[in-house]
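Notes follow once the structure below has been shown.
Order as written gives the chain letters A, B, C, D and E; numbering starts at 1 within each chain.
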């Protein structure tokens, strides 16, 4: 585990946290090939809930076995592995101590119908995270949803409990529901706002989608234009989102979305790095490729964040 | 109780559980004529809630007496007996230690009207399971129902409490409500998805209905076709469902449904066995036959799983 | 208190209960003129909530005073007195130990409008039952109501707490609300189903209305006809309801309903006795008569159950 | 404090209460100029919530200061002072021990719109009542409202906690909402029913409005006519309401309503006394007059209850 | 910290509070350039939740960093700094003990749609306030909203917990939702009513908007006219609002609203001072100006309250 000056600087941003929580943040920041750089590549596997088993794993059937993902995260030297209760339970003992774990506490699924009060079910507890040896909890909020206030109250309670127990807190902040348009879900203003609210709620690590140049809210549009906030490139947009998280004093990672070409994945990473983001959280683009292809892709991805490739 | 290498292998799948829970799983896997084989035949009697007393028991009035079912499960050498609070209370002392018990924690009833937020009432607690000497709790979720998230949160709490108390957890995962069609309730994709979600929620034993060849969800259909997932036989469909449960590393049993011919019951069992399923959970086809016919049917069923009959 | 072989047999049905609960059941079964016979006549006074004070007590103004009812139950040698919090508080000290008390835990009222989610307010606690020296709690569920699942969850919690504290549990199971027709509320199938669900929920004593010959549910109708379940007399219908309660292994009492002629009350009792029921729970027919008439009526009623009159 | 035979008789009605609660009831019954008579005049000031500050206090601006009301209740020799959290907190220390206090636990306000599920916010706790030295809690229920069952469950919990802590319980029972007509809110049958339900819920002191001769409920009308219940005078109607409260074995006080002439206030008091009621609870008619006029009015009112004036 | 006779007089208004709470109130009243005067200028930064990061901070990007606001409050000698969980966590250690902190417990956001049951999410706890060294909690209620009763019940619980822990309680009382018109939100009657309810709920410091001359409620209008309540100037209206808070025995501060000219800010302050208000709570007018301009504005503002400038 590499606790470099960079890691110490990042830890100093979280000045109100107890040593237990800082130690777990340090475990994530110091682990794997990116250990010590302040950059992260996290493997998340919660698509079984979100899309079902066949849509998630049939393209690469080895991935039906929960142990596959632990091994992938370890072999590729990633920063952490994030998944839901059943998946973590199925490998936490075998791989104990080999990779930092993030227990995803809530999940939606595509068998439930979409609604304006988009929500998720809480499917794990802080006690689960502790007994399974996790370093952090993960939680999704849907800003804009009619259920967003309830979700914020849930994450408040879990966050308080997690911090008291020395765990770190990762928030997935995904605008959805209410009056937010489909395009607006990745709108520039909306992603920055969602990331900012995660910071206000006390997140240590903030996960958002890469923003488009679309501006969703009329009141915000006025300000973005008046202040000439740069939306002209992915890197510029990342930079604004990072700034929206306490002027760059919170860890912000970006998700990759649906399976796409390797080049797209790499371009995203370069933009994240250029914009001052802290890395990628990359699921389907990992486990829906063959083991071999996934390793190759992750190797290049890590090298980009290490600055070893342009 | 036969703790064979097969049982030990199955227990190894549940690596995060404490010895108490493993011991109770071992009790179920080691009990009865199928003890040690990794196969299960479970007698469930919760139809009194679901359909009322006359529809359940009038065809065989001896079955009104709760003791009848304990005795049936014991005499037929079944793996476990599952029922609701009042039924278990009425025989738990008389038959203490003679057959593993599964306390069914929630129930619906056909006096309440069907709704898009199909739900069940929680009618027992972990303390009840412990004081009655049960080895496991049972819980039904209705994926797709507008109440599904609430149910998942209920089962999360009960599961956490059960595992801490050394009990095993059986989940009935029955898609229903919301936008799921009647045909979709047993759709191939939907059953696999429902089984997978039970695994993600931390179930030790997953109970689903035998799937039809129907594919319910458009997004899933594309993948099932692209990946050429075999739906051509009941055994093939069972195989996919089992794979959807952590690549075959969770116990999956299948329910029989309404009373039908002996041959149908046996054909189902052969398909379950061929597909790698772990057995049958068979209620109405047991207790709605005379005691004698039920014994004969269960004897053959057990022999099929023992491989003693084709 | 007469603890006869009959009482001991009945107590043996409740094999999972602790000695405290059995002692309280024994107190009810052993008390009064019917003590030891297995028959019960219970005086319930919760009509103040249900219909208001004038409709309940103006026909016999002495009954406004809560002490009147304690004295009536004692003087008539009844098995128990059941009422709501305020009524029990107003006499529990004066009459301590003189008659077993059942604290009715929830109540509706006719000032609230009827709804498809018919419900009751919980107006007392287990602690109230204990501090007031009660032997049992009483609770009403409305099977069929859209609120029925919530009620079942309430009674589950109260039942668990009551049993742990050595109290017995009496359930009023009154189908109502949802899609149940007015006629269906006392339908033959519906009453049997309601009684059965009370047994499944863990009731010691089940209280239902006397069923009519009407069959409410289409699916049930087929079975009642196929199995030729006898609905031709009140006694036959009582017999089926009793059978529906674990093959006759639960105490079942029947309520009398609105004030009616003495002969009707006695005919009901004879049918209950003939059908194997455990007695009557009789309120308005008691306290809406003069003290003298009520005593005479109750005397005859008790004699019927004692077999001293035809 | 005058603990007369009359007070002892009243205390004997509350036979299930602990000595702590009886002592607090005795404090109220024994305090002030009416101490020992069984009659009460209580000053309630919760109109700040109900109607806002200007409508309540602008006619007599001295009344904006919470200390004004404590001093008024003390100087006029009233039985108790009832108000909400903030008002009691603002004087409880200065006037400690000088007048029994009733902490009003819930309140509505006219900034919130009227609804069929008329409700109030619970704004204080039993701990507040204890730390502020109160003798009783007060709570409003709205029988007939769609929220009435929830309110009854709230008051049940607060009542149980209050009684265990040795506090007395005052219930404001004000029919409202649901299908109750405006005229029905003070209907003869409805007020008697509302008073009765407060008694059933365990109230020590019941507060209702003076009933009109209007009968609201059709089923009740039949009984009121058949039983020839006297509604011909205010005194007769008070008598029926008192009878509805356990045959006169609960303390019943009546509220005065909006500001009106002195003569109306005195006529009401004479009718309450003649009908066997226990006194008045009089707010706006007190504090919306000048201090001098209020003293004069209260002096006459007390004299009426003392029988010193006709 | 200046504990002057003025401060002692103000503390005496809160006679029911424990020494811990009084000490924290004293910390706020005694701190900064206005320490000891009874006047307060508080810096609130919760606009990140309310309007998003760009609308709040892009005009002055240094303000994205949470430390900026602590430093501003300290350098300008303000009375206290109020903000939400994440913002306070990000500087509480660096600036420990340098300025009294108010932890804002609930927040809304403009990504959620407006509704008649306008509400906020509770995003912090009393434990958070204590571990972060705060002197007070802040909480917003929306009188008039269909969610107002629920909010009042939330603030009751948090207030009780805060007072027991020795914290002070600041309430933002902002009429909104239900049937209140846009103009009515700052109506003269409505602001006074909202302030009064905060006092009734037990607030130590009440924060409202400056009222307009508009009267919203018909019933109130009659009284305002009959009693000739002066609405002719901002100072007169402030005076009435202060009177509505227990006759001037509660601390009342007024918020400034959207960014506006310096002169408007100063005119407001002069009116607040003239009307007997306790000061300003001023956010956007501070941090949306450059650091230099903000300091200049705050310096003049403080001088106005010190009486050093006209």
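In this text, a contact is a pair of C-beta atoms (placed from the backbone, for glycine too) under 8 Å apart; a residue touches a chain by one contact, two chains touch by 3 or more.
Note that the coordinates shown come from a computational prediction; the quantities given were computed from them, not determined experimentally.
K.L.:
Looking at the contacts, which chains touch chain A and chain B alike?
P.N.:
Of all the chains present, none is in contact with both chain A and chain B.
K.L.:
Which neighbours does chain B have in common with chain C?
P.N.:
Where chain B and chain C might share a partner, there is none at all.
K.L.:
Tell me the angle, as a multiple of 5 degrees, of the rotation that maps chain B onto chain E over the C-alpha atoms.
P.N.:
Here the rotation carrying chain B onto chain E measures out at 145 degrees.
K.L.:
Calculate how many whole Å lie between the centre of chain A and the centre of chain E, each centre taken as the average of the chain's C-alpha atoms.
P.N.:
36
K.L.:
Could you state the distance in Å from the CA-based centre of chain A to that of chain C?
P.N.:
58
K.L.:
What positions in chain B touch 2 or more of the other chains?
P.N.:
none
K.L.:
Taking the touch definition from the header, please name the shape of the chain graph: line, ring, star, complete or other.
P.N.:
Drawn as a graph, the chains make one closed cycle, so a ring.
K.L.:
How about chain E: which of its residues touch chain D in the complex?
P.N.:
Where chain E meets chain D, its residues are 13-17, 143-146, 148-150, 152-153, 156, 160, 175, 178-180, 189-190, 192-194, 196-197, 199-203, 217, 219-220, 223-224, 227, 229, 240, 243-244, 246-249.
K.L.:
Can you check the complex and tell me which residues of chain B touch chain C?
P.N.:
Residue positions touching the partner: 48-49, 51-55, 58-59, 61-62, 64-66, 84-94, 107, 109-113, 119-125, 127-128, 131-132.
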